[in-house]
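To keep things simple, chains are lettered A, B, C and D as they appear, and every chain counts its residues starting from 1.
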Amino acid sequence: MTATSLDRLDLVLRTMAETIVENTVYFAELDAVVGDGDFGYSLRSGFEVVVSDYDTFDRTSAGAVLKKIGFVLSSKVGGSSGPIWGTAFLRSAVAAGDKTELNREDVIEILRASVAGIIHRGGAALGEKTLLDSLVPAIDALEAGLARQDAGPQRDAEALQHAADTATKAAEDTKPMLALRGRAAYTGERSIGSVDAGATAVGVILQSISAVWREQYG
Amino acid sequence: MTATSLDRLDLVLRTMAETIVENTVYFAELDAVVGDGDFGYSLRSGFEVVVSDYDTFDRTSAGAVLKKIGFVLSSKVGGSSGPIWGTAFLRSAVAAGDKTELNREDVIEILRASVAGIIHRGGAALGEKTLLDSLVPAIDALEAGLARQDAGPQRDAEALQHAADTATKAAEDTKPMLALRGRAAYTGERSIGSVDAGATAVGVILQSISAVWREQYG
Amino acid sequence: MKKFVNDPRQFVPEMLEGIHLASDGRLKYEPKYNLIYRADMPRADKVSIIQGSGSGHEPAHTMMVGKGMLDAACPGDVFAGPPVDFVYETSKLLNSPKGVLHIVNNYTGDRLAFEQGREMAEMDGVRIETLLVNDDVAVKDSTWTVGRRGVAGNFFVIKAVGAASENGADLDELVRIGNKVIAGVRSLGIALSSCTPPVKGSPLFEIADDEMEIGIGIHGEPGRQRTKMVSANEIVDLMLDAVVPDLPFESGDEVAVMINGLGGTTIGELYLLYGIAHKKLEAKGIKVFRSYVNEYCTSLEMAGASLTLLKVDDELKHLLNEPAEVSIRVF
Amino acid sequence: MKKFVNDPRQFVPEMLEGIHLASDGRLKYEPKYNLIYRADMPRADKVSIIQGSGSGHEPAHTMMVGKGMLDAACPGDVFAGPPVDFVYETSKLLNSPKGVLHIVNNYTGDRLAFEQGREMAEMDGVRIETLLVNDDVAVKDSTWTVGRRGVAGNFFVIKAVGAASENGADLDELVRIGNKVIAGVRSLGIALSSCTPPVKGSPLFEIADDEMEIGIGIHGEPGRQRTKMVSANEIVDLMLDAVVPDLPFESGDEVAVMINGLGGTTIGELYLLYGIAHKKLEAKGIKVFRSYVNEYCTSLEMAGASLTLLKVDDELKHLLNEPAEVSIRVF
């Protein structure tokens, strides 16, 4: 019995939600350094519902489950993260549509759609010290990894690990940046020297997903 | 040139006022243990005026200067201490009248009048953990000391030191008492185990007066 | 000391000047006696209502001066009743042919200053009556000769006699009404933190991070008991268990309910406590006539809250509903 | 954590329930959307005025719901703007043929939620306009793309459009009035301490005993500068030097002056600051039309204060003087 794409999507989404809930305090503390300290708690309000109610979600298609998560986030998550992550999921749902099998190109397209949603909603550009600064390079790394023709059977797992490492590194690289978005922006020069909470969260989430993926699908 | 009674009264009153000002924080801290911590500050509000304006006070008689201090305390000192100390001075002023020479009996009569004033105003009895518990035994000790027929030329100084030591000891003895007056009374059982602020202040003031007296008049 | 202050000893005068300047001419300020009073008082056709008390309890009482409330307040320093002179001079300055009413919280310092000040003013021909407020159930009347303390329940005394006096009530009538309120009002306060008088510059007492003080006095006097912090639900139970049986308040009674902040507690928490108290009272069959959730009588920036219940009849309901004007306002 | 709280995650709902219960039927509560709204709204003849924003700023904004002020508030959690759904559902629930007005403090979270919520409600046929409040001069408009923050000046926007709307003004008229207030209102806040969100359970940031934070945001975002504590006089100078030249306010101008407490500062200190500010303004030839000294927009129990100036003309003076009814009251 091989896992279907939807099984894999379930694993990714559940892992993501669980990782966020587990890191609530850590993410909030990162946000407290130069922001207002609500980030982890805001995200948890939504993702804990994803964790607890996941089994009840409509999972007849990739789009259905992504949309449902987008709705949960819109109804539960406050702060900037609600509209940003909510829009990201809603846009990715549109991109996924009623597909029940996702190939590698589909995955990249869905992720790019979520980035477009974040940019549409929040108006940020790269280099403004937001989660985009780790998410975008991570997607680039994933795309490059998945596209490698020389890869063996572990191609997906390796690409995922490459994406996670890229995100982790990119999150570190937000340190010298000046925050221009969200509440961290109000601190001006003082935002320089600490990592962006959102960017770091992306790295942490991707590392979790990569580890679980490797365990399950090697 | 020997000091007149009014000179001696000046010395006593100035020393008292200066001692109170110097011990502001200490007295307040004593009051904070079971009371509300204002005692030292309240007394200072009045006695610092006594210190600074003493030279301008009408000192044509013992009664005049005591009355003036009573007025200053009534207009400056808040809390229980204002009416209590104010009434003590006003009553002692009445007892002193227009005398310009005070003999040993006069001094005791004046002090007894101040005690009567305190009791009239505050309604406290001995053993209720107030300044009366050191003031009354101190006056008794002073009276006994002054009345000793066997005493040498240092009789006054010795009597004063005896009174001061009695007050210091009596203040210590307020420790096991249950406070029944002033704000300390609200703490009930918890007032047991610490000295009364007012009783301690009386001891401190008398020790200062005794020291200065010995220095001046041997 | 985390305070906005210049010279700490000028804290009270500078605060009073601010109240005066913010009043747009409605309040006068006499610095000699820390006196804030209505610019339109004294009047021949109205009893003058005066409150002394210490400072540090704001808005009580200087910010409660205004039409339908106090006519004057002459506080002492932070946490010290006023000097005798303040009471004496204020009583003379506010003298009216209809008389003067002193509202005194039952603390030794306040009582003594008001007794002596009254004696002196009466010798000058001022007619004076006194109301002694003693709503704090933390202190048992029988055990301590000084009797129960006056705390946040004071507000209801001021509100009721202030309204009645505005409507022309004479001095005896005000004494009757005031004593009716005093007979029916009970409070209990709980502190979560200490507070720092500006002149002292350090906290009045120490309290551990997980402790609370039950039955605290409004000057930081230790209360009935120090215990571990418990949940808001349990705290409201503690408050109601102390206050309700004291009068007692019974099923069928109508009450005004006050949740008073002690200074450092957020208004959000006060409303949270109110919601709990409201439900528990209704469950006991005690009907809430009107709610009061705000700071009324504080201990500087102390974190904590008190609960006050006032049993109301038609007369008191009417008086509580009357309009009033004070410094402390939103608009 | 020195707070009255049960389950910290139920802090906001339990507070809202308290507001509801204290209102004696004047306010309704819809727990699904943290929604407090006037029981007599929506009405066909009145625009519905809605504010979102985070919790923890009480009395802003849930306690500012009432006649002549807000018609509804649907806050998010402590220091987090509301989820999109709250905005969407509240806009639909309060829909009126005269339209709906969103008042939004210019913070990314609030803006994003209100933009998305508005888009969704408009698709359902609700007519909506938005006012973006941005009075905080601590943040320079030109440097940061997010623009200046909305802080305590928000009160004046609500008061003016609330009064006008009560008098029948239509949506466009409210937008004009609101933007006039926004154009003329400027604030600066100074924090002396940090604050502790109930769910976090520990202070948001550290600040030394002798330090203050100038230009603090209302969610504990660090401000312009951290310096040593200085005297109240110097602090008022700092505030006026930041606020006055920004508009600028000039000699001959008439202003409403607000000294807003950030939560943990006593009302006594606020009046002390007010007195200083009043005198300094008059010395500059700027005339005080009306004073506002209280807590309007807090950061939980943070010690600190902000100063807000609003330039007033006859229209605004009239609207500010109009009556209003809100939860937060003395009587």
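The definition used in the following text is that a residue touches a chain if its C-beta (ideal position, glycine included) is under 8 Å from a C-beta of that chain, and two chains touch if they have at least 3 such contacts.
These numbers were taken from a predicted model, which means no experiment stands behind them.
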{"item": "Shortest walk length in steps over touching chains, chain B through to chain C", "value": "1"}
{"item": "Reference chain C; chain at largest CA-centroid distance", "value": "A"}
{"item": "Chain A and chain D: spacing of chain centres that average the CA atoms, whole Å", "value": "33"}
{"item": "Where chain B and chain D are represented by their mean Cα positions, the distance between them in whole Å", "value": "55"}
{"item": "Whole-Å gap between the CA centroids of chain C and chain D", "value": "29"}
{"item": "Interface hub residues of chain D, defined as touching at least two other chains", "value": "none"}
{"item": "For chain B, residues that touch 2 or more chains besides their own", "value": "none"}
{"item": "Arrangement of touching chains [line / ring / star / complete / other]", "value": "line"}
{"item": "Every chain pair meeting the contact rule", "value": "A-D, B-C, C-D"}
{"item": "Footprint of chain A on chain D - complex, ascending", "value": "54, 76-86, 107-109, 112-113, 115-116, 138-139, 143-146, 149, 197, 199-200, 204-205, 217, 219-224"}
{"item": "Sites on chain D touched by chain C in the complex", "value": "2-6, 11, 14-24, 55-56, 58-59, 63, 159, 192-193, 209, 229, 231-233, 235, 263-276, 278-279, 290-296, 298, 300-301, 303, 305, 320, 323-324, 326-331"}
{"item": "Residues of chain B defined as touching chain C within the complex", "value": "28, 32, 34-38, 41-42, 45-46, 73-84, 86-87, 121-123, 128, 180-188, 190"}
